[in-house]
Every structure is written in structure tokens, then in C-alpha cells.
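Take a look at the structure below.
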Amino acid sequence: MNKKAILIILTALAVVLPFFTGAYVLSIFISIFVFLSLSLSWDMMLRTGQLSFGTAGFFGIGAYASALAVANLGLNPILSIILGGLFSAIIAFALGFVVLRLREIYFAITTLALTHVFSVIIRNLSDITGGASGTILPNAIFNGDPKLIYWAILLITFMVIGISEMFKRTKIRFAINSIRNDETTAKSSGIDVFKYLLLVFVITSAIQGVIGAFYAQQFAFVNPESTFSLNFLLLPIAMALVGGIYTTSGPIIGALILGLISEYLKLLIPYGHLVVYGVIIVLVVLFLPEGIFKSVKKLFASKDNVGSDINAQS
Amino acid sequence: MLEINNLDVSYDKIQVIWDLSLKISNNEAVGIFGPNGSGKSTLIKAIMGLVSAGSGEVIYNGESITDFETHNITKKGIALVPQRRELFPLMSVKENLRLGAAYIPKARKRIEENLQSIYQIFPILKEREKQLAGTMSGGQQRMLAVGRALMSNPKLLILDEPSIGLQPSLVTDLFKKLNEIKKQDVSVLLAEQNVRQGLKVIDRGYVLENGKIAFADNAEKLSNNEHIQKTYLGL
Amino acid sequence: MSLTKKQYIMLFLLALIILIIALWQPHALIYGIQRGSLYALIALPLALVLGILGVLNLAHGEFLTVGLYLSYMLYERFNLDPLLSIIPVVIILSLIGAGIYLLTIKHVLKDGHLNQLLLTFGVSLILIEIINIIWTSRPRNVFTSYSYSSMSIGNFSFGTYEFLYFFMAIAVLILLQLFLKKTRLGQATFAVGQNPRGAKIVGINVSYVYLFVFTLAVAILGLVGAVMLPRTAIFPAVGSPFSLKSFALAAMAGLGNMNGILIAGIGLGIGEAVIKSIPGAGGWADIVFFGVLIAVIIARSYREGN
Amino acid sequence: MKKSYLLIVLSFLLAFVLFSMSGMAQEPIKIGAVNPLGDITGRQSTNAMELAVAEINEAGGLLGRPVELIVVDSEFRPEKGAAAIEKLATVDEVDFFVGGMSSGVHLAQIPSLKKYKKVTVWAGAASHKAEEAIGADADWYFHLHPWDYQQGASYGVGWNAIVKENPEIDIARVFLAYEEGAFGSDSYKAYAAMAEQASEGKGAFAGVMEEFKGASFKSAAMGGGDYRAMLQQAKEYNPDLFIWAGYDADAIPMLGQAREIGFEPNLYVGAPPGWPANFGRNPLSDKVILYGMWAPALNEVSDVAKHFWDAYVEMHDEEPATYFAPLGYTNIKFLAKGIEKAGTLEKEAVISALKSTKYVSPLGSTLEISPSNIIQNQGFTRQKILQYQDGKQHVIWPFEFATTEIEYPFSW
Amino acid sequence: MPSLETKNVVKKFGGLVATNDLSFSVDNGEILGIIGPNGAGKTTIINLIAGTLPVTSGKIIFSGEDVTNFAAHERNQKGISRTFQTVRPLDDLTAIENIMIGALFGQKMGLKDAREVAKEICKLIGFNNFDRSIDQLTVLELKKIELGRALASDPDLLFLDELMAGLNMEETYELIDVIRKLQKRDLAICVVEHIMKVVKELTSRVIVLDQGQIIAKGPYEEVSQQKNVIAAYLGEDE
């Protein structure tokens, strides 16, 4: 099959999905796309070698920026989603000058600590943010129309996939690859390491901010406990790793598989489905250590080879 | 004392050693020469149990050690001076040396004795007894790695490219020491790029090419071999 | 150990700060030392596993949880005092830890940090949910006569049981260091932590050392669990927050710095307690914890950068 | 590369197959419940709902049709809770929604609930934020649990009554310890507002709250568990009435820490949504007062409560441990009674029937609907004041359900 | 005008002096050898000039411009390139993509142009397996990639840090030929080597370092006779 054709069919399938299915399946896919985009954005940062634990933090900041802009300034919800992204990007830009000096677990723990700092600040600035009980919005975006909400997150997801592919196809790929592999070599080859790290940090944080803002508008509320939940950190990471890191397809596959499995398991095993979920994750790590995407690719590749060998013999 | 029969080794799916056999007798110094990628390091790793053999066997003093784990091979009396030295950077020179013997039951009883004899061979190690291994220069670390290997009272000392990255004076020095060590009832297996120096130490040598033994001979004949002269000695 | 002039000044400043706190908020000082010691006590085994195996164990807190529940079970079933249950809990938990290590973690040691992270995340999910199925989410407690004993100085009363955390933290720290310095297995452990390949070459059974270290870490958590139980409500997620705090302390102290973990733990404990004891400021206590963490890590990066 | 796309296509197909094949028979009346099944509250609430449904079906069903309860786990996650509503509405095509706890999850469900506007009888979620989100015009929404401000006010009424009955009790200074999350800080706001009213001689707390102070703590359930700094402040304030608003995990450690620093208020009150297992067995619990909707002791004074307890134990082989069990039972029974009364499933009829339905609940009180601050249909407005005596929860107030008298003062 | 000139360069690590008051220069078209015992500070000098390490004091002048305070990537863009002692290829890129890096960022080229440049360089260094992945390459090929990447940023000054280490003589001569070709392009080249044959063959001039200081300079033949050089470095052997 032609790769382009499959891509177009897939895209079309995703776009027309709302005409063939109900609100429930849509809501599952909306949630999957939310996590998929977070997962991809986390992976994009990882491609520079930086393990970020700040996904939930920038998600939360975007969510709050958007919700407060709608609640207090009466901003248009759609614009507020863009604002959420911008706000996260600005915070990331400012913090980047300091935290991007750090590497490995020091970067990881610092971004995680920042997530907590954000949520504590928001919880304590109750005059502006509504404090621990949060802020509610009068209306969900598009008046809660699942089709429109689905298309909106689909559009965002396509954009995120586009950015991820841009990272793969342009000069940026060479820069972030070099930085991940060997920073000294990168510097000595003329790569402005800090500039690229900052670029990726700002872009991925903006994505997380947009997704957070979307989430806030979809459910029409924000509060520190739900909005800064570590679910928005751990699940995207699990999805990317299960699917396969450093690729665009990996997080997509990981998010679809884990997202669908978790929902299906829940219906199948009402009590204790999370045990099975945990077992699946453990089994994937043990038996498909490169993630599903690369493992499946290898499996098919070796089969193809066998095929060609047979052809060669005959 | 060491016999390798029909050894095959592969990484992933790429075979690196092909049907290789060689022998080392007691008190013999044997060299393995060959270009990069010819499989010298892999052969050594296979002997030491650091990679697993695909097929074939490694026999040491009549016992098959093919599937032994590295630490058990070391306990049998085979010591390795690895190419990357593999020292313990946060430990002092003395601690590094002691560790060389601490896990070998026979050598453990003779730690102090061994220390003194190694200090005799490498006075620099005594001078720097308390320095952390990680802060020493490359040459000194190489000496320490040799010293650590000797601490285990090995019957067979394996050295993987000990001269790489060493300044000329140290290379000469190192091989002089090796000649001394040879005299102490130790067999030596030496993998080297620096064939000129290596030939001064060994009794017999194998030339490895593409994972197979291209030819083998005693040291003198090897140094007169035309191919060796052209490719490795640059004459 | 000889100290530089700079270190003397730092020590002096530290002593001064502690003195000021002692005069201004004496209870904050006591609570800080007690809680901070507990944080450090739990962080030490995490740092050990991180330092030697190179594995960041997200299921760390869950092993503590399992230890707590084991001790609770022995109390409920056999009316065994939590402090007496230390020995059986340590033994059973060690077996569980070793089992989980052999079944899972052992197989991903060569796979890179991220897979280890995901694996331990999966393990933690499984442990939490199994506990939830067995004991439900309902908190449980035990009652012992000694766990809320107190002491008074003037009209100022404070609990004494938690000083046990402090003494235990010091004891565990000293024993760990003696172990690493003085015993053959300890030296092997230290060697494996620096260079596993080198360790193999000198005849150390590296896979045994890994198993031992992981089991030791879990065993320490069993000890902590049994000691904590009389003062803690337990529920399936009780240990989870400690993974994060332990990770934070290990990072703040710098990898491999065990003394640093105790100092960082107590420092952050006191900081937290001081903020909490200022009326109206309690909500900001977490900022101290994480703010100081970030500041220390960044300051160190600047120092090392130059 | 291609294979990955194939995989994605397969995932989509899988989703279609899995989620479109459920929902078939149309016969029974379908009630959709969303509860956090991993949590004891949600699990027991669900158990109690199943009990209620079983009883209804045994008695011949509703309007001659059997009742089917379809339960979906909210996992305590907002997006999962919302998706559960969507599934119940579109896949299972339920007629009614019931269930629920956690305001955070409920807030995320409200947009979906508003979209379908099916008759909804919601048991939990006490935050006034949820009430704001529902709004004034949602006539299809019935809320059973008292809102946070109603709970606060009912205690004021209760204490006034108790003080009147027991002249030796004197309450002037009130100290509220609240966990720093949404639950605690909402409680604090409610109390602060009531304190201001009380200082002007108005409101439920007038006469029993001359002075008021609050301090926050981090709940053990959220990774805290050290209350001493807060308790120290409380001790210095020396209140007559000490109330803490936190979670069940805080109950015993907080008591113990209060004892060790020598904090001994005359009234020690806890207001968590649930209590730890075997709390009464802990000697520290004696004379601790608690706010709640229900206590096993109600079995002694209420036949409905007794019936519920026995039936629950028989069906599920465990004792109800949280008030969400009787509340879940009430949730179904109340709805069923309303439907029965309406005699049809037609929405307007059911709504107006529910509005006038009275149900004597196993929680003791009779459930009837009245408007609250914002919404039209509010169920319970009052909590109860209970006390642990000799290891047992007793009802102190309202007096009509009282199982014993208050023991005063609290002491170690 | 010399291509590179260092003036009194000092580098301290904590209390340790790694290079002390170092002044030397290299002209275009010249190959300078830098030799000295292990730990003498040879790699440190490269790091200082390439900008991977900041100097403690002193000045580095390149093509008449003071670059002392420039970041590493800026110096590369100006025309200073280097290879690394241990080869550091970028795993997830193919062979030619590794070389392209230099052109993409050192010369700020687009992808297409960079590929053309990389191809030309491959021709120059005698490398043909463009699209091989890195783990399939031999040591010699890896060294070529390392050199190729350094060349792709079109340097005026090139540092080769033990490029020949681990190669046999035949392979070494192949690279010597490549470097000679480069010399004809008027590059200034600094060679750090332990293999004296290479130093003898290639360089017109050497400086000998010991403990961070220059202890001798001049043509190799002269320097190698000096007693202090023999004592500190060469040994009595040959």
C-alpha cells in the first residue's frame, strides 16, 4: 500500500468519525487525543535528551490562563485556548534561561518541582484563581457539542503531529539529535545548544498549554487538584514509552492503545482493572522494550526479509 | 592452559568471530594482532564471559568455562586489563588494588604481599597510593589497571590494547614491565595495535582478520613476515 | 576531614539560623527535625538503588506502603506490636522485594532509564491496586500506648516518639557507610556503583550485588514502615508522596551523597515546619520544599559550570 | 512505516467494535450510575444501589417493568467521569442518571449532564462550585447531599439546640482546622461567612460563635499528615469548639498529635466525609464528636435504617462503612418512588413527582425537595451531630434520632 | 597574519593549573604538532581554543579577531573546527547526515546544500558508505566521519585530537594523505598525536607540553633530541 494513501484515508477516517459514532466514542477519542498530544510534546522534548517532568505544570498553567481569561475578562473561549498556549510559552521562555542549564535527573526533578510550585501558587492566590476550589465557567466550549469539540481537538492534534514531523524533517532534527547524543560535539559543530533547547522547550510547553486550555474549556472548570494532576504527566510518558520514543508514530500508537485498553478494561473488569493495566505496562517493558511501534516494525521487517530470502532462493 | 575451540560470536545478528581456535600453554606469552574490527576485543570478551559465545568452547586447565560468568572466570585465575581500564574512579589507588584481590579467595590471603610486589613493579602507584583513581592521568590509570589485574595472582593475564593513547615513553615502560611479569610464572595473552612493541614481549602470535585467524607463528617469524611489516609496522 | 574557611562560615551561618529558629519557633525546630529525618530515612534507600543500580524506582513509596500494611496485618491477626513486627516485616518485605526484582527490574537494567521508569510505574500501579482490592481504600490505624507519648518543657509539650526517626536515620546512615567502607560486600557494592564492568572483572558477582542492594533498600523500607505505623493512617496511596519527596532529596543532595540526604531532609523539614507555624502561611509550606530544592539544584549547576 | 498506520486503523476499528456493540435490550428502565469504584465510598454506594434495585425488582419492578442499573467507574478522574456520562447517555441510553462523589469529577460531568438534561438524582459532590455550575434553571437536576454551606449552617442550628438542652456547655470560641484542598478551603469560606453573620447576631451560629479562627493543614490523604503546627496554633487560641475538616486518614493521627502537645478543647469535632476502619476501637476516639449524615446506631431508632443494614449485610457480606452506602440506597429508592408516583417515564411528570416525593430514608431523616441557594431541587439540608462513646457512634442531634446524650467535656 | 594566536592563556581547574601562560601561533597552510605526556594539557588547549572550556585568563585571537569570549558554536561558525579523541558520532543519524551537521550549523546551510557539501567532503576523505547507520561502520570509517564533520563547517583552523589512535599503519597513512590534501587548501592545522611517525611525517613544527607549559618548540627532528623532551615524553627507546 502506498504510504500517502493510507495517511489520507486515516486522516479522512479521523475527520468523519463523528458522523458514524455517538458522543461516548467521541469523548473517549477526545480524551485520547488530549493525552496523545501531551505524549507527543513530551517526546519532542525528550528528543533533545531532556527528560521533562513538567508536562502537567504547563498543562495546568495553560488551563488556568484560559479559564481565568474567559471567567474574568470575558475572552472568547477559542481565543483563550491560544492564550493558554501563549502564556505557557512565555513562562517556559522565562524559566528556560535558568532550568535549561540542568541535565538529566536534575532537569527532571526541577520541572516536576515547578509543577508543584505552580499549583501551590495558584492555590494560594485565591483572589484571582478561586484558590483550592477553583473557578468554573458558565459554559463549556461550543456549548458542549461533542462533534465540534472533537474536531477542535483533532485539529490541535494534527497541528501537534505536524510540529512533530517538522522536528523530524527539518534542520531542527539534526540539532536536537546532536544535542541528545553529544552536546560537546553539537557545540563544536556550530550548533547553538541553548537556542535549540529553548526553542523546543517553549514549543512543547506551548502545546501543553494549549491542551490544558482546551481541557479547561471542554469541562468548563479548573481547580488545582484536577488541573495539575500527575495523571497529565505519568500517562503521557507511559504512552510514549509503550508506543516507542523518538518518533511521531510511537506516542500516537501508545496513546491509542493505552487509552482504548484502559477504557475497555474498565468496562470489562469494574473492580481492579488498574491491576491489569499495570500488568500490561510491565509486560510491554519486559517483552517489547523498544516500544510497540519499533518492535512491530522490526517484526514486519524481519518477515519481509524472510520473504525476500525465499524469493531469492526460488 | 587455555584452549579455544571453534568459537563463534555474534552481536545482534552480525557474526564477529568465525570458527576460531587457539591455544596458550603454561608460561607462554601469546599475541593477537589485527586491524580494527578484526575481532580482537570480542575474542577477549568472549573468553572473559563478557559476551556469550554462539558456539564453540573455551577450556581452561581442562575445564570448560564457556558459560561461566565473568566473576567466576576471574576466580579461576584469569585476569583482564581491559581496554577502557574500568577502574573505580571514586576509590584510591590502594583501594583499587585491594579490590583486585578481595574477591579471589586465594589472592585475598596475600593482599599485603601482592601489594608490595606490585609497588615494586610500579613505584608510581605507591607514590600515589591515596590518590583517587579518577584523578590520575591516562598512563597512570593504565599502570593501575595492570596492577589491579596482577593483585589476583592470575595464572593468565589478558591485556586488551594496553598501549592505546599512551605517550611513547610510557609504552616502552609498560612493555618492559610486561616482560618482568612474564618471568613470574604468568601466561600472557596480549591484544595489540602496536605490533612493533608487542613483538618484543610475546613468544607466539596470531594475526586476526575479519574474525578469523589469518596466520599464526612465533614472534621472530612474524616480525620478518612481509605482510606484517607492510601493514602493521609501516616499513 | 578538614574544612575550608568557606565551609566554616557556612556551618556557622547554619548554626545561627538554627539558633534563631530555636528561639523564635522552638516547636518548628523539633517538628522539622523529626519529619525531616523521616523524609531522609525513606530517601536513603531510594538513593542507594539510584546510585548503585542506576534505577529511579517510582514504586519506592509503594514498597513502604506494603511494609506498612504487612505490619498492620500482623497487628490485626496476631496482635503483634508494630515495633516487634519489625523483624517479620523486614523479612517478608525483603522476600517480596527480591521477588519483584528478579521478576521485573533485573530484566531492564540494561534497557535505559526510561524503561526502568515505566516499569516501576507499572509495578507501583499493581501494588497500589492489589492493596486496594485486599484492604479497600479505607484508612486503617493501629493503637499503641507509646506512639503519642510526650514531653514538656515549661508549658511547651511535644511528642517524643518521632525522635526515633532521627536516631534511626542516623543509625541507618552510619551503618550504611560502615557497610560500604568496611565489609567486603559493601566494598563490592561501592565498586559496582562506580563501574559494574570493572567489578565483574575483579571477580565481583554483580548480579548478586544488585539483588542484594535492591533487597536491602526494600528491607530498610520495611523497617521504616513498621516504625511509622503507630503514628500513621494507612491507605493504598500512603507511600506514593514519599517517592517524590525522596527523589527530591536525592537530587538536592546530589547523587551519591548520603550525608547530604540527611542534611537536606532535616533542612527542608525545618523550613516546612517554620512556614507552617506562621499563622495564615501554612498553605505556602510546599513552596519552601520545592522552592529550596530548585534553588539548590540551580545554584549547584552554576557553581559546577564555573 | 506503513505498519504503524495499519495499527492505527486497527485501533479505530477496535474502538468501533468494542463500544458500539453494547446496549441492546430495550425492556427495562435503565438507571445509569457513575461512581469511583476503586474507592470504598463509590464501591459501597454502588453495592447499596444494587441492593435497592434488587428489592424493587423483587417487588415487581417499576411501572411493571424491571429496573436495570448500569454502573460505570469514574476512577476519580474528571475526564473519565464525563466520558462515563456520555457512555450511559448514548451507548446504554439510560433513562436516569444517579450516583456520584467528588466535586472535581462532578464539575467535569456537568457540561454533559446539561447537554442531555435527563432526570438526574445526584448523591454526592458538596462543593457550592458544583451548584454554581448547575445553575438555577436546571429543573431536571436533584441533589441529595447537603451543600457545603448547608452543612455548616445545620451545625450551627444543632449546637444552639444542644447548648439549650445542656446549660453546662458553653461555646464562644470556635477554631476550624481545614485541609488545604477544595473540600477544606470551601468549608473555611463557609465558616468565615457564618462567623461574620454570627458576630452581628445573625445566622445559624449566632450565640455559639462569638469568635472564630481557622488554620489549614495538609491532609494525610494528600501526602501530609503532620498537624502539629496547626494544632499548636489551635492550642494557643484555646477554643471551646475545635472542628477539623479533612479526610478519614487524618482522624487518628490528628487526635494523637493533639494529645501529645496537650491540646484539649472541650469539644473535639471532626467533619470528614468518612471515618477510618475501626476508629471506635481506638481509645483516643472516646468523646470525639463527628458531623455526618448517618451512623450505624440509627438502627436502634429507625426501622428503615435497620432494614437497610440487615439487607446490605445479607447481600454483600460486609457492613456498610460509610454514609454513602445508605445514601446510594436512598438515591435509587427516592428516584423509584418518584417514578412510581408519576406513573410514567415522561420527563416533566417525573420531575414534578420527584419534587413532591417524600421518602423516609435509612439516613434517619425524611428526604424531601426544596430549593437551595441556587438550584431548584435540593434534598437533604441537614447533617447530624454524632459522638463516639465507648467505641460506638451515637447520634446526639437532631434529638428525634438521638441514641444517647452528649458526653461533655472532651478529655484525654 | 597568523590564523591563530594565543596570548598568555591560563586555565585553572579549582586550584589546579592545567595550562600556564601559554602563547603560540599557527599560520595558514601550516601543520603544527602538539605533543606531550598524558595529562600535559593538550586536549585542554583544544577545548580552550574551540570554546568548550572558558579560559581563566589570556587571549585567543583568531584571524585577527579576539574570540576569547565567544561561545563554542560561534567559534565554529567563525571557522574553528575540531575532532574528538574518542569518536563521537551521532547514533541516530546516517553517516552522511553526521557529516552534514557541520555544514548545516557551522555554515548555516539548508539541507540540500549541506548534503552536496557533505558528498564533496566524502570524496575528499575517501568515504563511500553514505547511508550506512553508524553502528555498521569500522573504526577507520568512524574516524573519517569525525574528520568529515569537522571539515563540513568549512574551517580555517582545524584541530585533530589523536585522530590516528587505534588505527594500524596502513590506515594511518591513508589519513595522512587526506591531511596533506587539506594543507594544500591553505588550512591551519594543529595535530595532537602520540604516534611520532605521524608527527614526523606531517608537521613542520611542534610544541612540546609538559604540565601545562611549553617546554620545547621547533621542528620535530630538533625537538626530539632535546633532553628534557626525552625525559618527560619520548623515553630512551627509539
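The chains carry the letters A, B, C, D and E, assigned in the order they are written, with residues numbered from 1 in each.
Definition applied: contacts are C-beta pairs under 8 Å (C-beta built on N, C-alpha and C of every residue); 3 or more make two chains touch, one makes a residue touch a chain.
Being a predicted model, the structure only gives us computed values, none of them experimental.
Asks: What's the minimum number of touch steps needed to get from subunit C to subunit E?
Replies: The fewest touching-chain steps linking subunit C to subunit E number 2.
Asks: With one step meaning two chains touch, work out the least steps from subunit A to subunit D.
Replies: Tracing touching chains, the least step count from subunit A to subunit D comes to 1.
Asks: Please give the pair of chains with the highest number of C-beta contact pairs.
Replies: Pair with the most C-beta pairs in contact: A-D.
Asks: Mind checking the centre-to-centre distance between subunit A and subunit C? Centres are C-alpha means, answer in whole Å.
Replies: From the centre of subunit A to the centre of subunit C is 32 Å.
Asks: How many Å are there between the centre of subunit B and the centre of subunit C, using C-alpha atoms for each centre?
Replies: 43
Asks: When the C-alpha atoms of subunit A and subunit B are each averaged to a single point, how far apart are the two points in Å?
Replies: Whole-Å distance between the two chain centres: 50.
Asks: Which residues of subunit C are in contact with two or more other chains?
Replies: If we look for residues of subunit C contacting two or more partner chains, we find 129, 132, 244, 283, 286.
Asks: So which bits of subunit B are touching at least two other chains?
Replies: Residue numbers touching two or more other chains: none in subunit B.
Asks: List, in ascending order, every residue of subunit A touching at least 2 other chains.
Replies: Each of 123, 271, 274 in subunit A touches at least two other chains.
Asks: Could you list each pair of chains that touch one another?
Replies: Contact pairs between chains: A-C, A-D, A-E, B-C, B-E, C-D.
Asks: Write out the stretch or stretches of subunit B touching subunit C in their complex.
Replies: 48, 50, 69-72, 74-75, 79-80, 82, 85-91, 95, 99-100, 102-104, 148-149, 152
Asks: Touching residues of subunit C toward subunit A in the complex: what are they?
Replies: 56, 104, 107-108, 111, 113-115, 117-119, 121-126, 128-130, 132-133, 244, 247-248, 251, 255, 283-284, 286-287, 290-291, 293-294, 297-298, 301-302, 305
Asks: If you look only at subunit A, which of its residues touch subunit E in the complex?
Replies: 170-171, 174-175, 177-178, 181-182, 184-193, 246
Asks: Where on subunit E is subunit B touching in the complex?
Replies: That would be residues 36-39, 85, 138-140, 162, 165-173, 194, 196-197, 230, 232-238 of subunit E.
Asks: If we count contacts the way the header does, which residues on subunit C are in touch with subunit D in the complex?
Replies: 27-28, 31, 35, 129, 132, 136-141, 143, 147-150, 152, 157-161, 231-233, 235, 237-238, 240-242, 244-245, 273, 276-277, 279-280, 282-283, 285-286
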